[in-house]
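Each structure below appears as structure tokens.
In the two complexes that follow, chain A is the common piece, with chain B as its partner first and chain C second.
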Partner chain A sequence: MRPGDPSFAVVPEQGSGSAGLRLFGLVYKEALQIIRDPSSIAIAFVLPIILLLLFGYGVSLDAKHVPLGLVVESPSPKTSDFAAALSHSEYFQIDRLSDRRLAVAAMLSGRINGIIVLRSDFARKLYSASGAPIQAIINGTDANTARIISGYVQGAWQTWLIHYGLDHGHSISAPVSVDQRMWFNPDIRSRNFLIPGLIAIIMTLIGTLLTALVVAREWERGTMEALLVTPVRIDEILLGKLIPYFVLGMGGMAISTGMAVWVFGVPFRGSVLALITISSLFMLAALGMGLLISTLARSQFVAGQVAIIIAFLPAFILSGFIFDIASMPAAVQFLTHVIPARYFVAALQSLFLAGTLWQVLFSNSIALAIMALVFLGVTRMRTRKALE
Partner chain B sequence: MWRRIWALIIKEFFAIWNDKRSRAVIIVPPLIQLMVFGYAATFDVSHVATAIYNEDRGVAASKLVARFAGSPAFHVVYHLDAQRQIAQKIDSRAVSLVIHIGPTFTRDLLTGRPATIQAIVDGRESNTALIILGYVNQIVENFDQSWSLQTHQPLPPARLVTRYWFNPNLQSRWFIIPGIVALLSMVVTIVVTALTIAREREVGTFEQLLVTPFSPLEILIGKSLPALAIGVSEGTFIILAAVLWFHVPLRGSVGLLYAGLLLYILAVIGIGLMVSSLARTQQQAMLGAFLFVVPAVILSGFATPIANMPHFIQTITLANPMRYFLVVVRGLFLEDLPAKVVLAQLWPMAVIAVLTLSGASWLFRHRTS
Partner chain C sequence: MSTPVVRLAGVTKQFRSNQRRVTAIDGITAQIATGRITGLVGPDGAGKTTLIRLIAGLLAPNSGTIEVLGLDAARDAQKIQAAIGYMPQRFGLYEDLSVFENFTLYARLRALKGAAREDRFKQLMAFTGLGPFRDRLAGQLSGGMKQKLGLACALVHPPRLLVLDEPSVGVDPVSRRELWSIVETLVEDGVSVLWSTAYLDEAERCHDVLLMSEGRLLHAGPPGPMSAGLTGRTYTFSLNGMDKRTIIPRLRQHPYVMDALIKGSGVHLLLSHEPDVAQKQELAQELGLGEDDLHPTAPRFEDAFIALLKAPSAPASQNSLLADDGPSALHHHGIATNAGSGSVIEVEHLVRRFGLFRAVDDIGFSVARGEIFGLLGPNGAGKSTTFKMLCGLLPPSDGKALVLGIDLRKAAAAARAHIGYMAQKFSLYADMSVTENLTFFASAYGLGGLARNRKIAEAIEEFGLGNLAGVISAQLPLGYKQRLALACAIMHEPGVLFLDEPTSGVDPLVRREFWTRINAMAADGVTVLVTTHFLEEAEYCDRLGIIYQGKLIALGTPDQLKNAHRHEKQPNPTLEDAFIELIQNYDREKDHETR
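== the complex of A and B ==
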């Protein structure tokens, strides 16, 4: 470059050969920066490994060995039958308590999640018309866990009923029974649907944060302005930023997918080509969001804060990764449409668990492509404006 | 000494407050997030898109279908008439649940043979799927009861009476919103503190500060108090919104709640300042903050219970201040947690605060560029 030569600043059009060379130069410069500062490589490759290990093992909705208190007010063979049915379930860890007050204290202190009470009239009422009540008191603070525990208690009760019926020579079965089928995840492993979601979150984090901070740094130091006054075109500057981080991000994606399949045993039923396509589109959207944040913020301080607040938290809460989007109020559901992670989570869950379903992939790919175009387009506009 | 610290505090406040954008970052996003997450973060499933494939023309089957159609949990969007449509609707995510009633359903019921319906759920989101299956079982159980009563069949010898304490209607919003107090006050505090020292290091003013007569302790206080004020105001704002806007009951002692909030924010400040003084650049500081916030949120019990985690992860969570504060804030909101139980959560936060704050002030001097 010859910054001293004024003719360079006023001649924007260059031959395509030199444009390619300039772009190569920019990518090369960015790649050198990445290699010299190993923290970027660490973010792209080491971060996904650590996060997936931590979250893959840490995030689970499968409750097992739930601590429950059991209060039997007057023990008899009938009550010990039921107590045995509870104790044999792998879902519970039964703590026998002598009276209700102790049980309530234990629940308040958080030692047990629920109390099962067999009242003193249990054995007598078994033969009455109304039936004997089995009281289940469950700590409802964590509503989701409470519901799961309640389902387990019900299961134990039904098992006991069937055995009770067999022992007394008459079958006690409900008139209608439900044959439950959980498609795509018959073993009900929450890991199988959480890990594809986690990959989407980790990739949001990496893609957005990397570019947000790097470009904001250039603005802060003034090197962005310096670049803008050279004959390099805005598209080339943006591409020069995008390409190296795209490569880094896709590397991280490959590592995450490999870990999901080989470390966590999540099935992968879709096609690899479809995965690469949708991941590329998502990477572009995430990088575009990062570029836009940094262009608007211009300082690392603000860019970093905004990246945490608008990239990570919505990806965690509004992407459908843990919380069901269809159950959210209409206004919030509407808002989820501008979260790239939402489309990526849906596509990944299908690709991993169900297969290459074009109905799902097509709409999500289109959405991600539009978001990438919008983010990159706005970034381009704002970058040009900044020069005026 | 206090006049000097006061000057330092004023300066810190100005550093945050005078920058229009960083001021906006502290005020606007938490507001929006509280509203959005308050409504969005719920485990309650409603209006489940449902398809019904009913092959039976009998009365009992249409009665059962009417129960599904009448329940607010389900929204019947399709009536199917062929087996192959089931896969179509589930695969494309058009519905999350298909209820399949076979052709002999009413006949089986009337002749006392066990009648079965099939409930097919989309397992790509197992948690939602499990909740949906729970609702299906509930509806079928109610149907069974009224059927047994109508046809004078014997009832089971023992019945299960389930009560949910503290949150009788199992509204997960009551669980999530107190959690948001912990989440947002941590995010804002860490963001404010993690960059303070790194920014000054980058500009070079931190070295200047170190050659002034300020002792590390004074610098520590000067850096901590503004962040403490911001974090506690943030927490207070969300607590007020939880009570006044979302109508989450606040049953426990407000004094204990604030004791918890203060210790929690102090612990977070300590971590933020440590990250900030370890970092050479703002970028490293920001990444450090991120590397703390993300695992801290996910491994805190905010969304998934700590009890479900493997033991070694549970051990790691012991160093996470959010874990303790979540117990305090949720317990005091919903359960009127006894003081003894609250104290058991307070002292670990105090230990973390002391360790991280003293670590940070040691690093002020011993890590110079």
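== the complex of A and C ==
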């Protein structure tokens, strides 16, 4: 058929509900692009799984099998009893060294992280009031690990003293006795609090980074310009991005939660409905940030940089995901209030480990809702159907 | 006459860049008539795209009014956008969606569904010939097919005004011709078309032309009468053994000659006024010709453009200032003059494979010293691959490639030291000044100390960059950018110069100035290899090799190629006619073989 035919110029009927059709067209197109684009798949599915495996198995803030050098200056049944207790502990890996100098050399070469010295008067002083002198020298380069090791060594010493005393019918006096109990995470597995926080990171990646990139890509390739010269409206363009990436982000959340519970054995003690609600709010805030970045940066390179600097890194460092907010300097603590991931991480950690604590969820939800409204509102105001 | 589809009144548009206000559109008043093809013609940077975006309501003017289809573009942008068909540069396609999916998206955005959408799709696929490629991803289509799909997407809802922004860039001549016939059919059907282009030959096919330069409107009206005003001022004569390298600069010095241009084995002249008998005789004598050897010829649109740019009333063009201070003699090309008179570039059975795909498939040619040789072909034909192999940037898979006697398969780096390369769109450092660019390229070629300083001073002198030495190169006018790029490419006095589409999209004066320099260098013994898909550029070459689907399908001077395709149907073939026929014959033969 040629355009010369009368039917060519017939304008097709403009049906009602054309706004719905336009939105459907945009969402459908976006879905096809997500499925076909290897980088979308990578950010939405591969990266979360890699991060989960990394934080689930690789990165651990627990100190286990810490290599320690043990120097026994004058061996006796008592010292070997203590040495055996240390060796059997899963927290240490004991390397027996005959001489203090050898131990220092090993520490300098990095083979061991600490030295325990049982002095020659160990057996004699065990029953004295001042207690038996054991010396622990710990590599303090990593202050956090050093503190943990020091705690473990003390704990091991206390435990051994008590057991030894009971076995031999003496009561050996320990200066202070602390009875510790860990709530919410009794195994003290760092995995249990890292993985819930990771969900916030994954959703930031999808909501902010991926969204900012795909909008910038439309500008870069000139497709946005073609879209603008159609009956489409700004709200439809924005919704056409929001809906598919919202679904993708929530999918990422579901995958991460599933892996957390069934692969890594992280407990989930809260309500699923509360998880969905607060995740939706966070997703909207993250998408709002992504879309806002894309109104400012129209190249993928700039959009990617901006998204990493203002969304991803803060979510990683300042959200309380790894580093405790309460122990940050006051100024930095103040800064964390503008980071959506902060509220989400707090809510997630309580949902997974503590249960549905309404007061925690409520305040964090309000904060996230406000942030989502602000980001999306500013985006809507700043986006015009124009190229300037 | 019916009301115009677009009315522009005193439209001005400025952009802010680096604290400077740049005027992209400078007080344009014009109309675009209903039911006609209006060409928006001008070189790159003239403001064509800005004007199109203003008309589409994508930008708002700083002053003036724009009325499209009776609607105000500033107030009713949404309504205008819903009513017009628009194809931006690079066609606005989603490369990761198929032909059908792209079409479906635009159909849904224009509220077309169900059976009506199916019908329209079939109609447009038949119309554009894309039917067999329904499920192919847009990114895997050729330039010509992308262009047709872009057009189909803009035509989903038959528009009253169709706006096409440089639709023929990156498209081979065959597809370009098809696009024209499609658009002409649409116009018969009552659609008004605005077509922007930097190619002056396209202007002649438009019903009306808006000729732009540096944000201003130089001329509005049908192209015919525009060049008709030059009747009696255009002549051709045959070179007949005259030295074509020297004749052009000589002619341009002549008081009556406004423009002189090599066309195959002849010269095309534009005179400043219609000569009387005595003046004509005088001119012929000076050239050593009989009076009858100076043939009157029909003026072309390009002549009209040159006349406008050179007219005293023309806006003081930054670019056109260049045309008058022609290049000083270039005489520093020691390597080239010492080389023997044999072939400087020798290519035999050259092959480059990418996996199973043979991008270059058994190509052979040789280029003599001081020759300007052009590789011509559509995008994706293999000319860039050939070019990269000869520059030593890509190792050949098979065959022989010698540049200045150096085997590129063995000593690519050694060959590169004797090669000058100027990339398309000038690979300058935009944020560095003229001197900094020159210094960098001199150092990159291993020049240091006094030698470097001397060379930079020479380049600044030779290329007339003295007053601009400290200017950031991004802010240079296009013509000066081109000079600087060439100056950088020849800092090391190369014997061979490689040029990648050096003058596509620049105005005709800048193009002439550039080629005058290249001709002077060739006269000094520098061998020049040019790749292009731009036929006007091909006319400047001494010899052409036409590359198509990885093969060299024709080789000869521009005149030989044209003559080989002279027959009753085309008694006076242009290079484009010859090119299209060559490609069509090749396709037919190949079709025959596979059957």
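Descriptive notes on the structure:
What we mean here is this: the second predicted complex is superposed on the first by the 324 of 388 C-alpha atoms of A that agree within 3 Å, B and C clash if a C-alpha of one lies under 4 Å from a C-alpha of the other, contacts with A are read in each partner's own complex, and residues count from 1 in each chain.
Note that a residue touches a chain if its C-beta (ideal position, glycine included) is under 8 Å from a C-beta of that chain, and two chains touch if they have at least 3 such contacts.
These numbers were taken from a predicted model, which means no experiment stands behind them.
Once chain A of one complex is fitted onto chain A of the other, the partner contacts of A:M381 are absent, as it touches neither chain B nor chain C.
Legend: residue contacts after superposition of the two complexes on their common chain; A:F316 is shown touching chain B, with no touch to chain C.
Residue contacts after overlaying the shared chain place A:I134 against chain B, while chain C stays out of touching range.
In the superposition on chain A, A:R221 contacts chain C only, with no contact to chain B.
Looking at the shared chain after the overlay, A:L32 reaches chain C, while chain B stays out of its contact range. In the superposed three-chain model, the partner touching more residues of chain A is B, compared with the other of chain B and chain C.
Using the contact criterion defined above for the overlaid structures, shared-chain residue A:R22 touches chain C, although it does not reach chain B.
In the superposition on chain A, contact is made by A:P231 with chain C only, not with chain B. Within the superposed three-chain model, A:G151 lies in touch with chain B and out of touch with chain C [touch as defined at top].
Common to the chain B-facing and chain C-facing surfaces of chain A is no residue whatsoever.
Those residues of chain C that touch chain A in the complex are listed here as 53, 56-60, 77-78, 81-82, 84, 86-97, 101, 104-113, 116-117, 120, 122-123, 126-127, 150, 153-154, 157-158, 163, 185-186, 188-190.
Only residues 39, 43, 47, 51, 54-55, 57-64, 66, 82, 107-110, 122, 126-127, 129-148, 150-151, 153-154, 157, 160-161, 164, 172-186, 188-190, 192-193, 205, 209, 213-214, 217, 297, 299-302, 304-306, 308-310, 312-314, 316-318, 320, 322-324, 326-329, 331-332, 335-336, 346, 349-350, 353-354, 357, 359-360 of chain A touch chain B when the two sit together in their complex. For chain A in complex with chain C, the residues that touch the partner chain are 1-4, 7-15, 18, 21-22, 24-26, 28-29, 32-33, 36-37, 221-223, 225-233, 385-388.
Taken in their complex, chain B has these residues touching chain A: 19, 21-22, 25, 29, 33, 36-37, 39-49, 64, 90-93, 96, 109, 114-131, 133-134, 136-137, 140-141, 143-144, 147-148, 153-168, 170-172, 174-175, 187, 191, 195, 199, 282-284, 286-287, 289-291, 293-295, 297-299, 303-305, 307-310, 312-313, 316, 327, 330-331, 334-335, 337-338, 340-341.
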